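Shared between the two complexes below is chain A, which has chain B as its partner in the first and chain C in the second.
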Partner chain A sequence: MNDHMICRCEDVTASDVRAAIDAGACNAQEVKMRTRAGMGPCQGRVCRPAVEAMVGVSGEGVLQSTSSMTVHLPIRPVSLQDLVIIREQ
Partner chain B sequence: MSVALENRLTMLSMDPLTTTEEESTLAASDYANLTAHLQADTAGTMAGQRVVIVGGGVIGLMTALYLTRAGARVELFEAESLGAAASGRNAGGIYAFGRAIGEVALARASMDLWEDLTLGGLDSHFHRPGHAMIALNDHERGLLDMAERHYALAGLPTRRLTPDEAVAVLPGVSPDNAGALMGTTDGQGYPFTAVSSIIAELRAAGAIIRDHCRVQSVIERGGQARGVRSALGVTEADHVILCAGPWLAGFSESAGCNLAVRPRRSQIMVTERIAGMENFPFVSGNRVYARRTHAGNIMIGGGGPWEQDGYNVTSSYEALSFLGKHMSELFPGLAGAPIIRAFAGTVELTADHFPLFGPAPSMEGLWISAGYNGHGFGLCAAMGRLTVDLIRSGSDGVPLPAAVSAVVGEFGPDRFNARQGKQP
Partner chain C sequence: MSAEETTEDFDLVVIGGGPAGLTAARDVAAAGGRVMVVDENHAMGGKLRGQLHEDPADSSWWKGWELAEQAEKDAVDAGAQMMTDVVAWGLEPGWTVRLTYPAGRTGGPSQLTSRAVLVATGAVERPMPVAGWTLPGAMTIGAAQVLTNIHRVKPGHRVLVVGMDVLSLTIARAMQLAGVDVVGIVLPPTTVEGSSPRATLSRLAPMAKLAPARYMRLGGHFLGWPWVQALASRLVPRTLRMWGMPLQLRTSLVVIQGTDQVTGAALVNVTADGTPIPGSEREVAVDAVCLANGLIPLNELLATLDCSFLRSPDLGGTVPVHSDTLRTQLDGMYVAGNTIGIESAKIAEKQGALVALSIIDDLGLSSRRGGDAAGAALDLVGARRTMEFQFDANVQRGHDDVQRAWEKSGGRA
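Take a look at the complex of A and B:
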């Protein structure tokens, strides 16, 4: 199970996530900050449930914080030019 | 009739029109003296002293690192996640070029310390690709020419780029640029690994880190700070250091002075990984800045007075379109780059844009290191290291060395009680 790919965009495996939890990460956002899981082109659409599940089953410390992985704009990638168009509308 | 040309060099904090040659020359000798002072080995100089640090951002963590190395028994409290506010939501800039002349010596020393820490094993991704500030009109070109003179007097290496050289060195930059000035020693790092690496060293050295644990008050007895109160109860200490960044103002009463920091949102957006940009330096101009991360994404940011005050860290379309517009004008070659993520952080601003660093006037043993105006990630190494000197000046009666007071002597946290700062 440890070699299972959790985040395909950033090549993060289950053992990477486990190591982050063991080092003190106590919510999905903290796992992201330590592993880059969820920081690639899909922005966690694939890995988020797996990361949150792994944090959720880790037990100690989890209840201290319920912060889940942050959802960031834009929801799908847009170019800089697209952002200029938003401004001009 | 002449048309007034705008200055959009928002990363040029040094005003080349009001900075004097004396000030610039002093920055060179301040840096030399500080560098000599930093050769001293601090190991054991704080042996046995109990220190509580309030705030687990990069300032608090780096301070904890240097105090632990000096032998102190450190216990650090963070109300939420470690390194997750401005410390984890910044562009990782570690530079001196562009800084106000009064901050240049400190910023240069901090770059050197980041380099030392990294050579010593800290996983910071620190490297020095430089910082190129790009002019788009003759007024900006003129300001950069004046800045070049001041930074040369300050001993900070720079390189002037003609418009054609800028096109060659900075892939995608506007061919209509008016030239650039580049700080060639400026660095950058990766906040997430740096923070994780500091935490790992602290834990291995026996420091206690309490995240998701808010400090409620500073405990004082007989005019002396004795520790803090949190959900865990009372934690005794000989010294308490407030490194609470934008949340510092909540400790004004304990500190006995107005710790006036203004929180302001600052936003960043990130492109997909882009190939062929491996040597891209930090760049700025046209009201924005950008850098390449070690992973290959380009981060684009650039706040300013137009941003919201407060602790809101949601991204706004206004800011993202502002960044998109100004970045694609400065770098038309990147206009098609896909933005995958945007985020916001909170920077803390002081009235004169210099840090709050020194003793609190209310009691012995209470210290402040905050108010870094968005420069905290770069400055944290120097400020963490100099906190060892600061605390020894209070507890051991060791006077603050002249090399240190020359660069932090003006940063007393109670200075706004005496008089209003230079410029809000």
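Take a look at the complex of A and C:
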């Protein structure tokens, strides 16, 4: 009854995330690999902290990125037209 | 700009037209720099546009939307260019800023090239996932702020606010002034970190002691409230009234109810340490629930580049390592505003003025306003001390940690 959505873009619920953690996922990136949480149009902008709240943040002090759940370009959905123009240059 | 023209040479591209970005744009443009500000919103001003507070010093109102319009006008008058409805989706060293137009193409360029880039992308809200949070009528507290203060639309008729911090209490008050029945302000579900009554009170109590004379009305109430004494006596009061709204310090949200739309919420009493008390479950009928779980610096653009970050709870999240003059480890890349720590709009504006001095200096422009970045950095520390409110009482400690990390890393890469 208490199951709820964690990643709205990819329809991943709290019990999906919990199952991934029980199966051995140790950080947000590993949860993403197993469940697709963070792989939708918003690229984890909304669910990244929610997944981290469940699995924990990894690393302390000075880090090489903001999160174990990697951030990739493009950080937002891009229209094909804008990509085509870059290609042409 | 014609549609074929896909690139433009600027001295500075500012990503994010909030108080930090607009202030920096104004000052760099005034010093003769070619400046472009891009923002994904349909209007400039960032989060400032939604803000409405009463200033205790003179009982005047802090009307964010008017301040935002003025800040945009000042930057444009100084010669800065502006583009709205455009998202910066990538940065490449050199610098190239890649753009896309989610609201439909308006003939703008797909990239901008610039000698310097200022990332002033602000903050986002931390989600509070709980059963029912995706129902229509459930929203973040920031969405309620935008509906109430910008669009002048009530988020609901009977509203429950979940989460107690400076922002949620301020917005609960704004909703009340707009005629919304705020039926209660309760704690987040017990599964949310730091949501126990004791943890909540210990976060709120230090804020009550900040510059009390200038605290924004709310502060007066904080100080007048019995909870500071309650904390000392280790007792947590069950309910306090804030402008007549019940602040239920011993009640947590369990689930949000409804099938097609929010119709209610299940609540439970908790002990001071946040353990649910069996038998105390009950329901409250509401048509909207506003979730407040704090703010996080937005740093996706820099996370794709080769620079390091510091995790700092005092600043609200993980922020790029930078100097106290707001230079990053990457040549020509600067940061200001909530992207480096959660603070009020007044501080963001000061950071904008400070980073402008660094940019002006590095680009070899000359400031008409005068002042040097090192001096402005010191002023900022002073300003924090006398600020009428803080999102986190330890924010300066967070900035000091970042400065140490910067010095240890040897500054620029």
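Here is the rule we go by: the second predicted complex is superposed on the first by the 73 of 89 C-alpha atoms of A that agree within 3 Å, B and C clash if a C-alpha of one lies under 4 Å from a C-alpha of the other, contacts with A are read in each partner's own complex, and residues count from 1 in each chain.
We adopt the following convention: contacts are C-beta pairs under 8 Å (C-beta built on N, C-alpha and C of every residue); 3 or more make two chains touch, one makes a residue touch a chain.
Please read all numbers here as calculations on a predicted model, not as lab measurements.
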Chain B or chain C, by number of chain A residues touched: C
First, second, both or neither for A:6, with chain B first and chain C second: second
First (chain B), second (chain C), both or neither touched by A:36: first
Chain B versus chain C as contact partner of A:14, first or second or both or neither: second
Which superposed partner A:23 touches (first chain B, second chain C, both, neither): first
Which of chain B and chain C A:45 touches, first, second, both or neither: second
Partner chain(s) touched by A:75 [first = chain B, second = chain C, both, neither]: second
Partner chain(s) touched by A:53 [first = chain B, second = chain C, both, neither]: second
Overlapping contact positions on chain A, where the chain C interface meets the chain B interface: 43, 64-65, 67, 72-74, 77-79, 81-82, 86
Interface residues, chain A side, partner chain B - complex: 10, 23-24, 26-27, 29-30, 33-34, 36, 39-41, 43, 64-65, 67, 70, 72-74, 77-84, 86-87
Interface residues, chain C side, partner chain A - complex: 6-7, 87, 89-90, 98-102, 105, 110-111, 124, 126-127, 129-134, 192-193, 255, 296, 299-304, 308-311, 317-318, 321, 405, 408-409
Partner chain A, residues of chain B touching it in the complex: 80-84, 88, 192, 195-196, 199-200, 203, 209, 211-212, 271-272, 295, 300, 315, 317-318, 320-325, 327-328, 334-343
Chain C-touching residues of chain A, taken from the complex the two chains share: 1-6, 8, 14, 43, 45-47, 49-50, 53, 57, 59-67, 71-79, 81-82, 85-86, 89
